[in-house]
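Okay, structure first, notes after.
Chain naming follows the written order as A, B, C and D, and within any one chain the residues start at number 1.
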Amino acid sequence: MEDTVKFKIENLNVYWSGSHVLKSISMDIGANKILGIIGPSGSGKTVFLRTLNRLNDMELQIRIEGGVLLDGKDIFAPGMDPVMLRKKIGMVFALPIPLPASIYNNIIYGPSLSGITNKNRLDEIVVKSLKSAFLWDEVKDRLKTSAMRLSGGQQQRLCLARTLAMEPEVILLDEPCSGLDPISTTQIEYALKELKKNYTIVLVTNNTKQAARVADNTAFFLMNELIEYGPTGTIFTVPGDIRTMDYITGRFG
Amino acid sequence: MKIFGENSIKNLLIVIAFSALTALFLILAFILLEGLPFIFNIGIKNFLLSSDWQPMAGKYGIFAMIVGSLWVTLGAIIVGVPLGLAGAIFLAEFLPRWMMRIIKPAIELLAGIPSVVYGFIGVMVLAPLIRDYIGGPGLSIMAASIILGIMILPTILSISIDSIKAVPQSYREGAFSLGATHWQTIHMATLPAAKSGIIAGIILGLGRAIGETMAVIMVAGNAVILPGSPLDSVRTLTANIALEMGYATGMHRQALFATGVVLLLIIMVLNYAATISIRNMNRKV
Amino acid sequence: MINPRFTQVIAVLLLALATLFTLAILVFIIGFILSKGLAHVDIDFILSNPEDMGRAGGIYPTIIGTLILSTLSILIAAPFGIGTAVFLTEYTRESRVTRIIRFGADCLAGIPSIIFGLFGFIFFVTTLGMSWSILSGSLTLAFMILPTIIRTSEEAIKSVPYAYRDVSFSLGATLWQTVRKVVLPNALPGILTGIMLSLGRSIGETAVVIFTAGSSLRTPQSLFDSIRTMSVHFYILAREGLSNEKAYATATVLIISILAINLISYWLMIRFISKRSG
Amino acid sequence: MKLKIVIKVIIFAIIAGFSLQACGKNKLSITVAGSTAFQPFAEKLAGLYMAEKPNTHITIQGGGSAVGIQSVLSGAANIGMADLVQLPPEAKDLNSYIVARDGIVMIVNPKNSVKNLEVSQIRDIYNGKIKNWKELGGNDHKINVVSREAGSGTRSSYEAIIQNITLVKEAIIQDSNGTVRETVANDANAIGYISHGIINDKIKALTINGVSCTTEEIVNKKYMLVRPIFLLTKGAPQDRVKAFIDYVLSKNGQDIIKANGLIPAI
């Protein structure tokens, strides 16, 4: 937190068809760090994540109050284009969702939307992002086959590569390993640790141990509130709140 | 530039989205403009309640045709509903999935056969059979009812199948666990639960029957009389329009548009009934 | 008391009988037409011009007429139908406006074809002065098939997994880019099924076509020419008692085309379902 | 995606094809509309005429006599075809040419033993006063009356010649000559009337007042159920329209009409 602040969240409140799904969240997210967000399901983690890249804008009956500043600029300011914002903030979802197209076309989806048409440039992007997601060696010979034919772990790394292809500044991950086996999980976690050199990463996870393994800072959400936020070491050894303690030791959740 | 593109696409889509409404409005406006003044001119009573149709003599009463349309539609229901319902129950409840996958599209093919082909078969096969074995001129309410009944079968079948399939499995399991046979389950649990869907299907079929033109012209005989038996020939509202449109000018043409107005009204009432019963279904499930 | 098992056996027998009867009707209709017509259909019949009002010769102009009229009506109706469906599902929320639009489409779907015929005649043929022409006919047919295309496209679009949209947005796509690159391609088989259905309806329609596109038995030279479709030709052949042989042969070609269209749309649907589940 | 390209190509081809043809079409075009009874003959004549004069394009439309009159009045067609004994008042100002005549034949099923009807008997049958074939010397069966739809040229002419017909309500209405013929051919107790041109051996033509409907009897004016066929134009016909009407009235044209079953005008 002593480093540069990437995201500054000030008193964020989100209401969704009448219910208050995020209550007065304030926190700073440091650049080039992994922020782990833990908490039981339904505690508001995913909504929080989707607020950061304004993916919730599409939802019906949502109301957002308070400020989210990216590099000091309010992302909800009238002049801010959510499309440009999302180009800066990539996202990987809980289940691997390859688009029903080839591996190659999945990767270039984002770049080509930004207007990159040069074949060589696109090839470069594909190679680079697949390598960064540690998938290149497994798929380099079959880039034109359907992404649907990859295994679950490969699909999720493809989704990560697809996000990286846009060259974002921030990567949001929404329980990216929830459907994966331990080996795939390890591969993803390894990739994340390498990636934080260049990116700011926000990782929502159901698996507290995963946060302990990879996150620099950890935030604990419960019942739509941010209970505690601090360096991972502190949160997992000397939590300041009894509820955090109960959660990470497995009393509930 | 890009933002402008997105917005203009949205505006274009809004305009496009109103195309169906515009079409509906245009159709209603033109039919009503052409037909309504006529109805008020000659009087609603003279138009709707007289069965004296002699356009050349200035007599425009369509009562016989309203009755004709209703008779033929009722007949189609009598023929089509039991067959359609029985078929739907059998297909949905007793046939394995893979057989249903073959038979259902085959039956839906019935819906794709042009109505003139049905009419032709009615003239060539059905009408002579009726004339020779039952009596009358052959071209009759009965012939039209059978042909229309067959034509609405696919509608009734596919909607009934869908609504039977939509009944939650738990309803059936409830009945089975009480020791009911498969048939008892169907008529005590499944059918009552699927009722409003089936009724909606029947009403849609009814709409199709009352709106059918070519097949009816070919097999109904088109006499302008109040029918006394199913073997009498009748003229329906749709047949009246299609038969005389080619020749009609002036008042006569307006009278045919006015016939169209009455037809539209009947269809609207039916559609309303269908919407209500579909809404009931949604509320229940 | 009657034994419930016995009742069940009787009931199932009756149900099976009814189903068999329905299938028998289908087989009979198709068999009847094909058995009488197939012998008179050959390449010559398909590719040569009719002579003597269709008493002799082939049905080439009516095949061309059918193709042009139904294709054109689809080309007119599809952008509007798909556009409406996209608007309803992607660009707006459930509201009074969407309910009114859906209500309008439902009403339109319920209107009998003869009313479309009357309307097309008074509006396109007379008021707009387009006479009996391909244009009048295909515009009227487009009005008629619009609701079918709206409904089936809507269903197809709704069945595209919502997650695809999330992915697309998160990769920086705009709404339209998402619709164009992700939603529509994945809904395409479903949309095509609807289009095939509408195509079948245009091909089989008679009353509307006579009222709006006329019945001229010549190969059209422009969109303002009148044409005769196969259905209309069949109707006239059968009704005027010109030639039963030619009538059966025309009906055979007609039924085979409809059959082909049904098979194609069925195949599309199967592919669609298997793609979604696999 | 390939499909999209294919569709685009097809659309382009259709539009291009049509616009090219439309551009190349500086032909003289004539539109003829009206009577369905004369339509087949008009098609035939037009076909032969176009073979002789390739730069003329003739479109023949059906629709019925009333449509013929309406479309000439409105200018939608250059020539109207009408097959009425009495032209309606709105056609008063049109130029009319009788190009052919057509006999109307009373027909019954071949099984029927009745061979001749008097005009008064025909009138009574269609008025519903005579209801059984027995009254006419036939079998004891109800008469199934078959007529045409209101507005039909054949029916108007028929009723104008027989006079004082208020059609019996039970009458079966068919919308074309062909279906009247089919109905009578299939029904042993039916009676109908059709154009002379389409008689075949599935039905039996009756004599009227002892006169049978043949070309000679019509030309001799002995057979009474005859209606004229008019070509109508708005104002005096000009140029190409006149040329075509002249062709129809020429010996050549009249021979074609005769060869196809109508009675020539002259």
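As a convention for this text, a contact is a pair of C-beta atoms (placed from the backbone, for glycine too) under 8 Å apart; a residue touches a chain by one contact, two chains touch by 3 or more.
The model shown is predicted, which means the values in this text are computed figures rather than measured ones.
J.: Compute per-chain Cα centres, compare each with the mean of all protein Cα atoms, and return the closest chain.
T.: Chain nearest the centroid of all protein C-alpha atoms: C.
J.: As a test of understanding: of all chains, whose mean C-alpha position lies farthest from that of subunit C?
T.: A
J.: Starting from the mean Cα coordinates of subunit A and subunit D, work out the distance between those two points in Å.
T.: Those two chain centres are 79 Å apart.
J.: Distance from the CA centroid of subunit C to that of subunit D, rounded to the nearest Å?
T.: Distance between chain centres: 33 Å.
J.: Mind checking the centre-to-centre distance between subunit A and subunit C? Centres are C-alpha means, answer in whole Å.
T.: 47
J.: Please set out, as single numbers or ranges, the residues of subunit B touching at least two other chains.
T.: Expected reply: 2, 123, 218.
J.: Residues of subunit D touching 2+ other chains?
T.: 62-63, 175, 179, 182
J.: Which positions in subunit A touch two or more other chains at once?
T.: 83
J.: Sort out for me which residues of subunit C touch subunit A in the complex.
T.: Per the touch definition, subunit C meets subunit A at residues 93-94, 161, 163-174, 177, 181-182, 186, 275, 278.
J.: State the interface residues of subunit A toward subunit C in the complex, per the touch definition above.
T.: 53, 55, 58, 60, 83-84, 86-87, 90-91, 93, 95, 97, 99-100, 109-110, 113-114, 148, 159, 162-163, 166, 172
J.: Give the list of subunit B residues in touch with subunit C in this complex.
T.: Touch list, subunit B to subunit C: 2, 5-6, 9-10, 12-14, 16-21, 23-24, 26-27, 30-31, 34, 82-84, 86-87, 89-91, 94, 103, 105-110, 112-118, 120-121, 123, 125, 150, 153, 157, 180-184, 207, 210-214, 218, 238, 241-242, 245, 256-257, 260, 263-264, 267-268, 270-271, 275.
J.: State the interface residues of subunit B toward subunit D in the complex, per the touch definition above.
T.: Listed in rising order, the residues are 53-56, 123, 127-128, 131, 137-139, 217-218, 221-225, 232-233, 235, 243-244, 246-249, 252.
J.: Residue numbers of subunit D touching subunit B in their complex, please.
T.: Spelled out, the residues of subunit D in touch with subunit B are 36, 62-67, 69-70, 90, 144, 149-153, 156, 166-167, 169-175, 179, 182-183, 186-187, 190.
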